[in-house]
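For reference, the structure discussed in these notes is given below.
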Amino acid sequence: MKNWTKHTLITRWVAPALLAAGGLGSAHAADGDANADVECPIKVGVLHSLSGTMAISESTLKDTALMLIKQQNEKGGLLGCDLEPVVVDPASDWPLFAEKARQLLAQEKVDVVFGTWTSVSRKSVLPVFEELNGLLFYPVQYEGEESSRNIVYTGAAPNQQAIPAVNYLMNQVGIERWVLLGTDYVYPRTTNKILEQYLKDQGVADSDIMVNYTPFGHSDWQSIVSRVKAFGSMGKPTAVVSTINGDANVPFYKELANQQISAADIPVVAFSVGEQELSGIDTDPLLGHLAAWNYFQSIDTPANERFIENWHDYTGDDDRVTNDPMEATYIGFNLWVKAVKKAGTTDVDTVIDTLPGLKVDNLTGGTAELLPNHHITKPVYIGEITDNGQFSVVWETDEEVPGDAWSDFLPESAKLKADWVDLDCGHYNTETEECSGQMSDMAEDEE
Amino acid sequence: MRHSNHGPVLTRMLGDTGSLIFVVVLIALTVAVPLCNVYLPEASALHVTDYTVALIGKYLTYALLAVAIDLIWGYCGILSLGHTAFFGLGGYAMGMYLMRQIGDRGVYGNPVLPDFMVFLDWEHLPWYWHGMDIFPFAMAMVVLVPGLLALVFGGLAFRSRVTGVYFAIITQAMTYALMLAFFRNEMGFGGNNGLTDFKDILGYELSADGTRNALFVASGVGLLLGFLIARFIVTSRLGRVLEAIRDAESRTRFTGYRVAYYKLWIFTVSAMLAGVAGALYVPQVGIINPSEFSPIASIEAVVWVAVGGRGTLYGAALGAGAVNFAKTWLTGAYPEIWPYALGILFVAVTLFLPKGIVGLVSQLRRRMRRKEPS
Amino acid sequence: MRTCTPRGTTAAAVLALLAVLALAPCALAQNNGQNEGQNTDSNASEATPATSESPAPANDATVESGRDAQASDEPGDTAEAQAGADGESEPGADTGEDEDSTEYAATIAELADASYPEKRDILNRLVANPNAHTAELLTAFADNRLVVRESDQTIFVAAEERDETYVLRDPITFEAAGKAATRDFEPVRTNVGLRGSIESGQARLRLQADDAETRLAAVETMTEKLDDTAADALRAHRPEESDDAVREAIDRALAINDLNTGDNAAKLAAVERLSGDFNQMVYNRLNNILLLIPEDTEDRDQAQLRAAVAAEVERIDWWRGVYDQLETLFFGLSLGSILVLAGIGLAITFGVMGVINMAHGELIMLGAYTAFVMQQLLPGHVGLALVLAVPAAFVVSGLVGILIERSIVQWLYGRPLETLLATFGVSLFLQQLVRTVFTPLNRSVSAPEWMSGQLHFNDMFALTENRLVIVAFSLAVFAALILVMNRTSLGLKVRAVSQNRDMARAMGIRTQRLDALTFGLGSGIAGIAGVALSQLTNVGPNLGQAYIIDSFMVVVFGGVSNLWGTLVGGLSLGVLTKFLEPHTGTVLAKILMLIFLILFIQQRPRGLFPQKGRAAEGS
Amino acid sequence: MKTPALLESFSDRSRVFDFVNRPAAGAKPDVRHGTILYVEDITVSFDGFKALDALTLYVDAGELRCIIGPNGAGKTTMMDVITGKTRPDAGRAWFGQNIDLLSLDEPGVAQAGIGRKFQKPTVFERHTVHENLELAMAGARGVWPVLLARLSGEQAAHIDETLELVGLAERRHDAAGSLSHGQKQWLEIGMLLMQEPELLLIDEPVAGMTPQEVERTADLLTRLAGKRSVVVVEHDMEFVRSIARTVTVLHEGRVLAEGPMDTIQNDPRVVEVYLGE
């Protein structure tokens, strides 16, 4: 904690110096006094799809954000101001995400945005956030390989989800043969690349790894499941590591059940199937299959209990489940609130400088600390699907795992590191010792 | 009022009041918006924000796509439900150029390979990426790739006289196949994430105000040129032939016109226009991704034309603007109900405004004129 | 042979059944069995309603063939009953009791902080040296009822009470050990692998059962998870076994084991013994032998063994090839039948009426939601609800279809492209309607028993029942539709109108009413397709969009307005895709199919079975 | 296996795509032998039904030929074969001595100099009368020439002339769809004339016309003959009698009888199948 503030100060000397040197009047009072810089109400953008294919996942996060805002307002708001949510619908349309992000930042002049789910939507808004110097909290597990000054990643990086899950299967279940099934897009591709490398490092032979990709919304899993079954019947314990996305999961699990592959035969560990996805599946045939997350609704802590209760009150539906991206939204929101309180302003630059090093409680009894690479520390849980559509935790990491923006298992990526405190760079090349590419960040700081 | 192909070309092309108004308004818009953005203070009521510039710029490219669709649907009766395929291909060609422009400023600092290839362990640049760093070459591809696809696809379809709904449906198949193909990461187009995080174009930073306004003007000029080309075609005798094909294909054939060539020609021209629209679109929205190929997107584009009024060209452009404006506005103002509004709009337009907004306007004008004398 | 129930809960189901049987003679009020642990006065009043309820879930569990594993960890008397029922499993626990029980207790204590592999090891030791309550202990373990007291790492068997308290028992003697607050305890975690081991441990204990069938089942379970421990246990049991069938099963298991561990002669004998056995494990082990013996071995015995094994493997491989092809064919047919189901309604609205109904997918979606609603209305009757959902979905989607026709489509006849636009609007509207009513989340539609198993031909070839049902269902729908079109006056009129509207009208057919009915028919069938799809895929607002393009492709491929074309087209597209898939991958297969379709339409612009006559020229 | 063949066929056909420089019209028919149309042994069958059964027919240059026959005799099918719409199963059809009609498609046939008027008047209803004639006007038919085409004074005069001839000068700027049935028939004849064909195939030209119009049509057709060859299919016996020099009777896809009207009228076979009804 102390360290961070020291670093923050070092990086922050630029702004005051500029002020002093040129009296460049209009520059924001980066460290200025609180009230001068806050315009009431404080606007909070919510950028989640409410229609289209992603609505199924994202609309819940919109509700979560609105609930958190409401609660904050009931507690008296922030810096004496009420928070005002600005909700827009990017309609699962990626260019529309960029447009809506621009609208939030340029027209609505929001102070912070909570939003996006898919990698492509994040990639679509990233240039906008960097250009207009906004602040986005991104709440979903993703493939890593990114760290932007203007984005805070509160979901899991691959080392906070995929690798621990594989470790569990390897060491605790004794899996020797691996099927990596994924939807054909960047998250599964990258995750599987990382896992393949990791497995090979652990001495798994090439012939014991099967990789298969399917298109989005793939619904006919007969042949693939049958091949998995054959692959898994060669005498070695086999598991499926699934990065299958959204809609394709239900038919996949249904086909597993149809071909009577139980979790005891070939367990499936999924990274995109949580409580909410389960609520759309008949879980009876899925008992015992696994998911790796940083949060489960079933984890029994007072904080989580309260959160679930609030959620049920807010939605008026006692059957609504909670899930990992909701917790990530919760953590992100609290981090932002804490940073704003500490900085005494909602000014984006100040908040970004204040954020690293802040710690907030997560819902599972630990703490989430925002690291200099704009990722957070997270505990990893492996849960088995139970018959009430929940997960029972079968394994967890001893302590929180720090999120790694650049994977150590991809040759090019291993050289990079992100550090927004000391290095002020999202992709610092440790071999050449310089911040590769991306002049826009530099340009911004000079302004 | 029918246009006639006598007299000077310009009179012929702009002889129609609607087209004339459209061209004037378009030129005014192309000039005024950047000026209002740059020179008027933010406090001014007439100031146009960056956001609005980007937004209208996007509408302009959509309008060009709509003009391209109207050219074949409104004048030749060819309903393509896969026209965003050409739009997308043009967009990808431009995206590839922009990607190559990043050079070694990507996060991995690789001077040749785009980032998404680096972390997926690609060793060489695929052959079709070569040359895309040269602007003129890339721009040629913007036109040639969609044109070539249209030529091959159209050649196959028109030669064997695939028409009407059959044609509409195989164009859906075409764009659907392209979408699936571009989603594949092995294709080397960035898969689902597509191409994004562009830095600059022709050395100018994309996020700079000047560049944005220049792109806006380019879109305006692009639409204007596209519109004029389309007008030139439809007011020529060729336009008559196209309409003849639309109304009585078989009769046209017996009159000695090789219908398949005409269709193929206009289809290819239209595809090229759509490609240009896509190329102008990409740098302004900052991303190109396979969802541009989605069959639904193509249907939506056809809907713009229907809403605006088919067979007038400017109506198509108007429709594209109107529907997209409605979408922008509703997704912001009424996020929960906008699909209802859009759905009802489509139904209402087809039921009550068979000739679209343009038809409504001329109907009103006729009614006014009828009142005047009395 | 596999059973339909997930294996993890089978044991629980059996126990629950036994519990109910044991309880049956007693009147519900006489809860003598549950004496210890919960006899304070304050609890008594609560305990009574709780126990009077308890047989009910247990009963349910029986009816639903043991789905509800939770039922068995409720009342204390269930455990008692199990103990009674499993009472016979007390072999050799009397000798050297003291030492054994100390070691036994120590073994159990190790569970407190063991990793999963260690737990498996502990389990094996417990089973190898059981006491009277081991079976009970394993059941509790599998049901996650073993807990560790955090203060001193002591293990207990717990039953959760209300008010966050546990009723505790000693894990060795199963004597009551008082009550305590749940927060002081951590569960001893199990995972699915461990539960599998527990199950085979239980099976090993059941080898001593009186009932031959139980023993047979135990042997089969052990064969499935055959390892050295299991093989040793089986070998030890072999001489005691009296039942022929069980002996046979044991011999087979031992032969399989011999393939790995036996000497040359034993292996050779095993190969002969197992000839014609398609079991996967046999195949793997045979292949292993091939790998271990070099092809040009000098040793004559080895060479002989190798030859025998190679011949057997070749034979199995041949059959595998045959079955693989059969399986692929079936996969193709089942995919095709889905395409047919999705497309057949469209063949009527699009093919016969010439209406491009972009909302067709949403009508399918409505059918799927109808299945969901029916299951909500009839909780506990999964299958019945699904069967009733078929006519219900027909009515719902049919009525919506008629509504669309009357309000929109009827004004747009002869303008197919305008219809396309308007119905596209309708599809947006319906999607959002469903989002508003049912939320954007997917809904879960359960599969009935008779649709969630496999039709098991042999160890190599099994067909999934739900696919079989759906193939049969789509054929039935198709047959019914053909009957309607060819044998009823409605069908006659529909065909008449589709060929010549004016003439039909002149002959007194009320074309307006007929249009509405025809559209309703096509839409209703889309609804039925939705019920079938609810068994295979997401029931969500986007369901329709996923199928609309495929539906159009099938209809166009088959030839518009020809129902047989739709059938042949759908099935052949399905089969073709499935035979392509292994070679090209899923995505490429789909792309190739689309390209094939484009080229096909180019060659035969009117589809597989073109309609003849002038009406076809119209569009 | 199939793909290369397909590709080949495509690349093969792609040579035809070279439409840009295609000559506007084909060569003129060679009629030095005095015969302009040779139809020999043409057979067409639909699902086993023989619409034309080894039909043989010759038309002389400058002749006005009437073809009659009961419904289903094969008259329209014969026209379809000649104009490239229907491919016969067997037989030959030549236009003059040098043009193989069976190798041409509809536009090819039209460009070679055969004009066709349909039974039901088919004009471009949404175009004006003037535009209809302009579209039909003989001249380049390639895409680029048409795109850049402008109406020369000579061509405009020609159109005016034709407008006068068909009596539609007053209505030149009206949409063709607004014309009466008879006017449409005339417009279509006018379009035929604009095509400047060597051979006109005219299917029931006077259906739906008033007696005056019929008379004018007869007059027009008679005047055309000599300069061009005309084949008229007609049911109206009065009309046929008024114009015909040679009449061919088709029945069940074959020529039943051929000769001057008087002879035909008295032919017992003809009377039996046709006139007798």
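Every chain is named by a letter (A, B, C and D) in the order it is written, and numbering of its residues begins at 1.
Criterion: a residue touches a chain if its C-beta (ideal position, glycine included) is under 8 Å from a C-beta of that chain, and two chains touch if they have at least 3 such contacts.
Since we're looking at a predicted model, the values are computed, not measured.
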Pair joined by more contacting C-beta pairs (B-D or B-C): B-C
Inter-centroid spacing, subunit D versus subunit B (mean Cα positions, whole Å): 42
Distance between the centres, which are taken as Cα means, of subunit C and subunit B, whole angstrom: 48
Whole-Å separation of chain centres (CA-atom averages), subunit A against subunit D: 73
Centre-to-centre distance between subunit B and subunit A (centres being mean Cα positions), rounded to whole Å: 35
For subunit C, residues contacting two or more additional chains: 431-432, 435, 587, 590, 599
Of all residues in subunit B, the ones touching two or more other chains: 156, 159, 180, 183-184, 336, 339
Residue list for subunit A, restricted to those that touch at least two other chains: 50-51, 184, 213, 215
Pairs of chains found to touch, sorted by chain label: A-B, A-C, B-C, B-D
Residues of subunit B touching subunit C in the complex: 73, 79, 153, 156-157, 159-166, 168-170, 172-174, 176-177, 180-181, 183-184, 295-296, 299, 302-303, 306, 336-337, 339-340, 342-347, 349-351, 354
Parts of subunit A lying in touch with subunit B, wherever the complex brings them together: 50-51, 87-91, 93-96, 98-100, 102-103, 106-107, 118-120, 123-124, 126-128, 130-131, 145-146, 184-186, 189-190, 193, 213, 215-216, 410-413, 416, 426-427, 429, 432, 436-440
Touch list for subunit D against partner subunit B, complex: 10, 13-14, 17, 19, 22, 25, 83, 85, 105-107, 110-111, 115-116, 118, 122-128, 131, 134-136, 141-143, 146-151, 173, 175, 191, 195
Touching residues on subunit A, where the partner in the complex is subunit C: 50-51, 53, 55-56, 59-60, 171-174, 184, 212-215, 217-220, 222-224, 226-227, 233-235, 237, 247, 250-251, 254-255, 257-260, 262-264, 267, 276-277, 279-285, 287-290, 384, 387, 392-395
Residue numbers on subunit C that touch subunit B, as the complex places them: 350, 356, 358, 408, 411-412, 415-422, 424-433, 435-436, 545, 549, 552-553, 556, 560, 587-588, 590-591, 594-595, 597-599, 601-603, 605-606, 619
